[in-house]
Structures are given as structure tokens and as C-alpha cells.
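Scrolling down, you'll hit the structures one after another.
Shared chain: chain A. Partners: chain B in the first complex, chain C in the second.
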Partner chain A sequence: MTVNPVQSNGGASGPYVRIDGVTKRFGDFEAVSHVSLDIAQGEIFCLLGGSGCGKTTLLRILAGFETPSAGSIFIDGVDVTAVPPYERPVNMMFQSYALFPHMTVAQNVAFGLRQDGVSKAAAAERVNEMLAMVQLEGYEGRKPHQLSGGQRQRVALARALVKRPKLLLLDEPLGALDKKLRERTQFELVKLQERLGVTFVIVTHDQEEAMTLASRIGVMRSGEILQVGSPTDIYEFPNSRYVADFIGSVNLFDGQLVVDEPDHCRIACAGLGVDIFVDHGVSAAPGAKVSVALRPEKIRLARERPEQRENVVMGSVSGIAYLGDSTRFLVLLEGGTQLQVTRPNFDRHDEHLEDNEVVWACWDAGSPIVVSR
Partner chain B sequence: MLGCGFADRGFPVNHRAFSGRWPRLRAELGRRSVIGLPFGWLLLFFAVPFLIVLKISVSNAVLAMPPVAPVLIWGHDRILQIHVQFSNYAFVLADRLYVAAFINSLRVAAVTTLLTLLIGYPMAYGISRTPGVWRNVLFMFVALPFFTSFLLRVYAWIGLLGRSGPVNGLLLHLGLIHEPIQLLQTDFAVYLGMVYSYLPFMVLPLYASIEKLDLTLLEAAADLGCRPTRAFFAITLPLTREGIFAGCLLVFIPAVGEYVIPALMGGPDTLMIGRVVWDEFFANRDWPVASALAIVLLVILSGFVFLLQKVQAQAEEAG
Partner chain C sequence: MKSRLSPFVLSMLIFGFAFLYLPIFSMIVYSFNASRMVTVWDSVHSPTLAWYLELFGNDEILEAAQLSFRIAAVSATGAVILATLAAFALVRYRRFRWRGLFGVLTTAPMVLPEVITGLSLLLLFVALEQWTGWPPGRGAATITIAHVTFCMAYAIVVIQARLATVDRSLEEAAMDLGARPWKVFMVITLPLILPAIASAWMLSFILSWDDIVITSFVSGPGSTTLPQLVFSKVRLGVSPDINALATILVGLVSVCVAVAGAVMMRTERRRLRDAQIATGAH
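On to the complex of A and B.
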């Protein structure tokens, strides 16, 4: 198989895709507000956000289906803001796949090549190559309606990749697949991307999908990008209450900064009973109102009072959800706050906590994330 | 028996709700009658008149009332005699005038169909791409002519196209012509009337199929490097084929047998089969020949529909 990695033809040092101050308004509604973003070549960049956050609009601007109200788009150093979609070195995989229902699989995949004037024979060769890559040999003559959802997804992928685009845009690429198939396809997609070296920009509302696929994630909300970072950054170091809450499960406490030294700080949280002790300073104004995010898996539960002095609270188990790989507990603290705690089930014979049992919960001073409200 | 296969596919029954034997039977009966009654109606009022016409077409013309000889006669010996003769068909098919009328009718209908398609497609396309309320308004405009009697609208055209009508007046005023020109009683007037009258029948099915077209497909085509014009021929046109076929059938079939427009707006040499049938029936009082003409027309049209359906099925197959 000879699928060549995409060659860059200039601007090798700069970002591959540059979104520069892009705003898109629909009437009074601002779908995308002043977004600036650099995406490097060969990256898998995920735009993550809830519905209506502007992620799809941004993707459509990259594809050329929408013209930004302000700002510009550069791909490989070339300003493509005014370039129509049919002249952009960009291909897109649509959420609905948008396969042409009146064409066979082979005709669908060949469509883009035929537009470029590639001869029938040469196109057929490339089509076979692509279909082999997505493991759809023997399906050339089928119509889209004769395929399963997973097969359609792969045809759409083959069709989008056959022209060897510099940039592939994927709109909820795995949204229509069932869970098992989705997990398998995620890894296939990453492997494919690594082999071809195409830059991927993926839009998704599924944080798990974003975490699995992306080298970097951009979290969006009401048209703005809140945070850009690696999946680890986004999960462990969210920069805002919204991001902390959006990605994964989290315990959020609102509190007040009472001590803020360079090497530690304390936050008083009503309803928690104790101050939260953090092993670093936050350099905020004293008495600042802040939020503290604490991931459920960072909290330990014990029947006996742990030896550590800080970050220990007492409560009673108010809910248990056994999830197989882990167990999720709800702990009702004395102050009335509910604490979510996740404990991995290392052992098949783990000691089981009972409902209403009194437990101690504790966490390390490095675990809490202090964010502004 | 009628329509039971259709009923099985079209109306999924909640079997838990109809678990008893009698209620299920009743539901079954209900389902069948929903399809059966209209079919029975059509059968009665299409098949029976058709059989009557068929009977007349194989009988003799006589000077009587009605002007046909009976086909079935009880002889004096009380034996049923059947008098059938196909000479009417031979007469119709051999006469140059009738053949010419058939060919001319088919030509006029074909040109009308083509013209309505060329005018109607952009119309339907435009309406389906118009946002919100305006779409309904434009749609209303297409259906508006149906609020007035068809005959009245044809007479309106006669008034418009007359020697002292507004069209001639405008052309004179603009200095394009120096004296009124003959617009009525020409082929031009026939085509104008036909295209005008049949346009809605083309636009409505076209609109229905264009409106269903998934616009993402056009975006996908553009994304793959296809320019808008090419995308129209590669994506839009093939995917609205059903609407095109339906519109063409709805225009072509009635247009072939059209009588009123050629009679009122056409000239004395506008030879169309509808008019010939009328003349045979009412001027000539030769019912058998007129009936034979009607039957031949029906056979020709059925052939066309059959052919078109075959083409459509093939197109679907080939995709």
C-alpha cells in the first residue's frame, strides 16, 4: 500500500491552521466570538463543547461553508478566508456521513477524484487502496442504504481521505455508532491518522471521545474557547469552574480564600466542615471567592480516621453504585454537603462499605484544583 | 383481496391491543375497507365507462338513438349473438388524418412537457430554497390559478391575445410592430395555453422532491471539489428524478388528450386528437370511430407510462 503522507509546501515552521480572531454572527446571535487558535501539522485537535457552543460553526468555517463575519483563516500559511469550499485543500467527514444515495460505494469514494479530472483507471486504483485501508474490500458495488452504520462511517472516511487532504475535518465522527463499535473505531482512527500524517480537527460533544482521540482539546462554550490543552491538562488542570465541571465528574465547592502563601493556601468552604488545604499558592486577593474542584477518584475512604491532619472529613455513606470496574459512593458530610467518591475495584473481594456506614474521606493536598468562580 | 398486501405493509398493528379473535378480525376488515372502498370507486367509475367505450368501438354505426348497433343480440331462435367488428380500428389506423392527429398530439404534449419542465424546475427549486413564510406565499401563487375556473382562464388568454388585446397593444406601443399581429389561432397560442395550464402540475411534484433533498449532500459535493453547476447535474438532478418523472407524467398524459385549449386557442389547422374525437362524437355522430380513437389513445398512453416506468426502474437500478 502506498499512501503518501501529506507534504507541506510552505510555512513549515508556523502553525498549520491558524484561526485568527474569527467571529461569526447569525443576525443578533454570535455563534463564534473572537476565536483565535493555532493547530500544528499532524495534530488531532478536538473542539469539545455542549450543543450550541459554536464548535460546529467553527468547523464549517474551516470547511468554507460559512464565511466568518470577522477574522481570517490560514491553512499552511495561505489565507483561505474567501476561498470557496470546492477550492480548499480540506475535506470533511459529515456527522450524517452525507453519502450520495444514488451512487455506489466506489462511486462515492471516487467522486472527489473525478472532480479533479483524475482518470477513471487511476481513480479506481486509489479507491481500491482506500477501501482496503478502511477494510471495505468487496463492498464497491453496494449502495449506501445497503450498508450498516459502521460501514457507512468508513465509506465516509474513505471518501474524505481519498484526495489526500492537508486537513481533515470530522463532525461528530463516531456519534452514530454504538458504544463497542465506537471504542474500536476510535483507535482505528488514531492509527490511520498517525500513518497518513493528516491534520485532524474533530468536533465532538463526547468528552470521552475527545480524551481518547485528541492530542489537544479546545473546550468551547457560547462561541468562545475557554481552554486549550492536552487531555491531561484539561482534566487535571482545568482553568475554570465550567471546564472542571464539563470534563468528567467533579466535586465543586464554593469557598473563600483565607490563607494564601507561596507554598500553600487554605480555602474555607461552608458545608464541608474543614478548610481545604492546597499545597501551592494561588496568588489571588485575600478573601477572594473561589471554587475548588476535587475529582471523585482522588478521594480515599476509610473506616478509621486517617493519620493525615489536613483534608479529612467525616460523613456517612448515602449511596453506592457498583459499576464493575469501580464503585461510586455518595458520602453525606456533617455539614450537609454530598461528596462523590470513586474507588477502583482492585480486588474481587474488596471490603465493602455499607449504606449509612460512618466513613472518613481524605485527599492529598495536591489534589484540589482552585479556580475562580 | 384488494390492497391487502399494501395494508400489511402500511399499517403495523399493535397485536397486544388486538389480541382477541373478533377485534382482530374487525381491525383487518377496517384496514381492508380503507383501501378497498376508494379502489372500488375507481373500478366502478373507470372500468365500467371504459368497457362501454370498448363495446361501442367494436360495433356498427347506425342512424338511430343511440347511433350504434348493439353488440349482444338475442336472436329469434333465442341464441345470443355477438356482433363484433374491428373495422373501426382498421379505419382509424389507416386514415392519414387520424395518424397525423395522433402524431401532432404527441408532439404538442412532448413540447409542452419539456417547456413546463424547463420553466417549472427553476421555479420549484427557487420555492424550496426560499426561507420561512415567503415559501408559503410563493407556493400559494403556484396554486392560485386553481381558484378560478380553467375555462375562465383560457377565455382570459383569448382576451389578452386578441387583435385589440393588451399584448398587441403593448407591442404596438413599444413600436415593435406596426399593426396588430395574429396571436390567437396559432401554434404559439396553443403552446402558451398548454404551458400556462399545466405548469402547476409540473411544479408541485418537483417541489415535493426538491424540498426533500438533503442539502448536506451538496455541501459534501462542494467539499470534494465539485463546483455548484456540476453538483446540480451530479447530485440534485439525479436525486430529484422521481419528481421529474411524476411531473412529466402529470403533464404529458392529459396534454395528449387536451381538447379545450387547441379548440379555443388553436387555428383551424391545429390538429389534435382530443378535437378529432370530439368532432367524431358530436359533429359526425360516428360513435364507434370516436370510441376506437379513444381506445387507441389509451393504448398509446399506457405504452408511454409503461416505458417511462421501465426507464425509471432501470435508472434506479443503475443509480
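On to the complex of A and C.
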């Protein structure tokens, strides 16, 4: 099979896609506000956010369906802000797949090539190649409504990749598939991307999907990008209360900074009963009101009081959810705060904590994340 | 479970259909009547095809039918083209100024009294002729233009409804793959709304074919359409050849409806079969 990686024609040092101060207004509503973003070649970049956060509008601006109210878009060093969609080196896979219902699978995939004046024979050859790539040989003559959801998704992917775009935009690419199929397709998608070297920009509201697919994630909220980073960065070092809360589950405590030294800090949390001790400074104003995020899997539970002096609290088990691979506990602290704790089930014959049992919860000084409120 | 028709429902059913179709049925029967008197059944010489033969020998009627057919075909085509453009603008460009007003204005001719439409068109044509010399008198051209204006209103409603169901992202996908807007319209939008365009054409054809009020305002000497001819003949007294003509028209319409129905049923069956294949392919 001959699938050539996309070649850059200059600007190898600069970012591949540059979104520069882009704002999009619909009447009084600002869907995207002052977004600047650089995406490198060969990257899988995920725009992650809830509905109405502006992620789809940003994707449509990249595709050329919307013109930004301010700012510009550069692809491979070329300003494409005013270039219509049919002249951009960009293809898109739509959320609804948008397969042409009156055309066969082969005609759908060949559509892009035929627009470029590729001969019928050459197009047919390339179509076969693409259908082989997405494992849909023998389906050339089918109409879209004769396909299952997973097959339609693969036709849409083949159609979007047939012109060897430099940049592929995917709008909720796996949103319409059931869970099992989605998990399998996620890995197929990543493998395909690695082989072709195409830059992917994916829009999704599903954080798990973003974590699996992305090399970098941009978390969006009300038109702004809150944080850009690798999945690990986003999960372990969220820069705001919103990001910490949006990605995964988290325990959030509001408190006040009482000690802030270069090598440690201490936060007084009324709801927790004890101070939270963190093994690094935050260089904030003394007495600053901050939030502390603590991931449930970073908390340990024990019947006996642990030896460590800091970051230990006592409470009683108020809820147990057995999830198979792990168990989720709710611990009611003396101060009235609920603590979420996840414990992996290493051992089948683990000692089981009972409801209402008194337990000690503790965590390392490196685990809490201090974010501004 | 099979429910039996109660005598009351059955009698209402019979009465209803009789009310609708008895007049047409009696007309068909009398078209084979040998008697020149429309209301007297000549049981000696009937049934006969004499009136049908006379009809095909009547140049006046044949010419009028031909003219009606030409006008209906041309004005249906014109109406459908204009309606498609208007519907596209109304459905696809939602944000332009005065959009609501345009929407109402395009369909207003449907509820406007025909007498008013006819009269205003007549005044317009007369004024136009005085200023520009065109159209030269009233005739087939002015009738066609008049028919386009009122058929268009109906065609817009039909095409607009269909266009609204066509997923916008299909057009965007085509554009994304390199098709320019005009090409997108021709290869994606048009094929998808073709069924609506076809039914709008047929509707317009029928509307134009049997229109008499507006036609009589804008027609001139030498351009008599079939409905006008029938109307003028009936005023002089119903002659049996009109029965024969009407029977032919009813026959034509029945055949058209039957063919359209058969085509629609076949498409529906095929769609169902395809849906079954799709579920089997999982």
C-alpha cells in the first residue's frame, strides 16, 4: 500500500497550525473569544469542553465554514483566514458523518478526488486503497443507509482522508458509536494517524476519549481556552478549579493559605478539620483564598492511625460502590465534608471495609493541587 | 383482530363515496349515450363511441387541449425553477433582512382571490404594452406568465418543506471536499430535493391546466385554453361530446395517480428492504 506521509512545504520550524487571537461573535454572543493556539505537525490535538463552550465553532473556523470576527488562521505558514473551505488543504469528518445518501460508498469516497479532476480510473484505484485501509473492501456498491454505524464512521474517515489532507478535523468522531466499538476505534484511529502522519484536530466533550486519543488537550470553557497540555499535565497539574473538576473526579476544598515557603505550604481548610500540607510553595499572597484539588485515587484508607503526621483525617465510611476493578468509598469527615476515595482491587481477598466503620484517610504531601479560586 | 363494520358506518361510507363519485360516474356513463339529449338515455343505439370520434375530429377542441398542455408544461417548469431559487434563499440564508416578510410575500398569492390576481396582471400587461410595446396583446405568453406567478407560490411551499429536511452538513461536506457552491447545489442539493421538485412540477401543471379565472383575464383572441372552451360550450348548453372529453381527462388523471402511487410504493418497499439489510450487516 502506498500511503505517503504529508510533506510540509516550508515552515518546518514554526507551528503547523497557528490560531492567532481568533474571536467569533454571533450577534451579541461571543462563541470564541481571543483564542491563540499553536498546533505542531503530526500532533493529535483535542479540543475538550462541555456543550456550548465554542469548541465546534473553533473547528468550523479551521474548516472555513465560519469566518472569524477578529484574528487569523495560519496553516503551514499560509494565512488562510479568508480562504473558502473548498480551497483549504483541510478536510473534516462530520459528527453526523454527512455521507451523501444518494451515492454509493465508492462514489462518496471518490467525491473529493473527482472535484480535483482526478480521472475515473485513478480515483477508483485510490478509493480501493482507502477502503482497504478502513477494512471495507467489498462494500463499494452499498448505499450509506445499508451500513451499520461503525461502517459509516469508517466510510466518513476514508472520504475525509482520500485527498491526503495536511490537517484533518474530526467533530466528535466516535460520538455515535456504542461503548465497545468506541474503545476499539479509538486505538485504530491513533494507529492510522501515526502511519499517515496527518495532523488531527479533534473536538470532543468526552474526557476519556480526549485522554486516549490526544497528544495534547485544550480545555475550553465559554469561548476561552483554559489550559493546554498533555493528558498527564491536564490531569495531574490542572491550572484552575474548573479544569480540575472537569477532568476526572476530584475532591475540592476551599481554604486559606497560612504558610507559603519555597519548599512547602500549608492551607487551612475549615471543612476538613486539619491543614493541608503541600510539599512545594505556590508563591501567592499570604492569606490568599485558594482551592485544593485532591484526586480520589491518591487517598489511602486504613483502620489504624497511619504513622505520618501531616495530611491525616478521621471519618466514617458512608458509602461503598464496588466497580470491579476498583472500589469507590465515600468517607464522612468529622467536619461534615464528604471525601471521595478510590481504591484499586489488587487482591481478591482484600480486607473489606464496612459501612459506618471508622477509618483514617491520608495522602502524600505531593498529591494535593493548589489552584486559585 | 378484525372489527366488523357497523351498519351505520357502512352506510356512511357508501353515502360518502357516492357523494364524491356518482356525478363523475354518471358523466362517464352518459358519454357513451347515443342520444343528443344529454339527460335522455337512448337504450336502442347505446353504448356508442360516436362522441369520442367526434371529439377527435373537432379541431377547436384539439387545438385548445394542445395550447393548455403547452402552457401548463412551460409555466410548471418556470414556476419550479423560480420556486427552487426562492426556497433555497429562504431556507439556507436564514439571517438576511426582511426574511420573514419575503416568506409571507412569496406564498401570499395562494390566498389572494384569483379575480384580484387576474385583474392586476391584466392591468400590468396593458400598462407594459403601452410603455414598452411588450407583450404585444394578450395571448399564450401572458397566460404563461400569469400561471407562473400563482403556481410558484404552491411550488415554494412543497420545495421549501423538503429542503428544510436536507442536512446542512451534507452541503458543507461537499464544499469541504473541494466542490464550489454551484457544484454543491447541482450534485448534492438538487438530487436530494428532486422528489419535491417533481411533485411541485406536477402540482403546478395541474393548477395551470385547469385554471380559468386568471386565464380569462389575461387571454386574448386566438388563445383559448381547454377549460375556457369547455366553459363557453357549456354556457350554450351541454353537448354530449363534453362528457366524452371529461371522461378522457378523468381517465388520464387516474392513470397518472396510479403510476405515481405505484412508483412511490416501489421506492418505499426498496427502502424497507435496504433497512433490513442494514440491520443484518451489524
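One rule holds in what follows: the second predicted complex is superposed on the first by the 373 of 373 C-alpha atoms of A that agree within 3 Å, B and C clash if a C-alpha of one lies under 4 Å from a C-alpha of the other, contacts with A are read in each partner's own complex, and residues count from 1 in each chain.
Convention: a residue touches a chain if its C-beta (ideal position, glycine included) is under 8 Å from a C-beta of that chain, and two chains touch if they have at least 3 such contacts.
Predicted, not measured: the structure shown is a model, and the values here were computed from it.
Overlap between chain B and chain C is detected when the two structures are superposed via chain A.
By the document's definition of touching, both partners, chain B and chain C, reach A:Q115. Of the two partner chains, chain C is the only one touched by A:L147; chain B is not.
Contacts of A:P85 after superposition on the shared chain: both chain B and chain C are touched. Of the two partner chains placed by the overlay, chain B and chain C both lie in contact with A:A63.
Of the two partner chains, both chain B and chain C are touched by A:K163. In the superposition on chain A, contact of A:F100 is made with both chain B and chain C.
In the superposition on chain A, the residues of chain A touched by chain B in one structure and by chain C in the other are 63-65, 84-87, 90-92, 94, 96, 98, 100-102, 111-112, 115-116, 143, 159, 163. Interface residues of chain C, counted against chain A in their complex, comprise 167, 169-170, 172-180, 183, 188, 191-192, 271, 274-275, 277-278, 281-282. Within the complex formed with chain A, the residues of chain B that make contact are 214, 216-217, 219-227, 230, 234-235, 238-239, 319. Taken together, the chain A residues at the contact with chain B in this complex read 63-65, 84-87, 90-92, 94, 96, 98-104, 107, 111-112, 115-116, 143, 159-160, 163. Contact residues of chain A toward chain C in the complex are 63-65, 84-87, 90-92, 94-96, 98, 100-102, 111-112, 115-116, 143, 145-148, 151, 159, 163.
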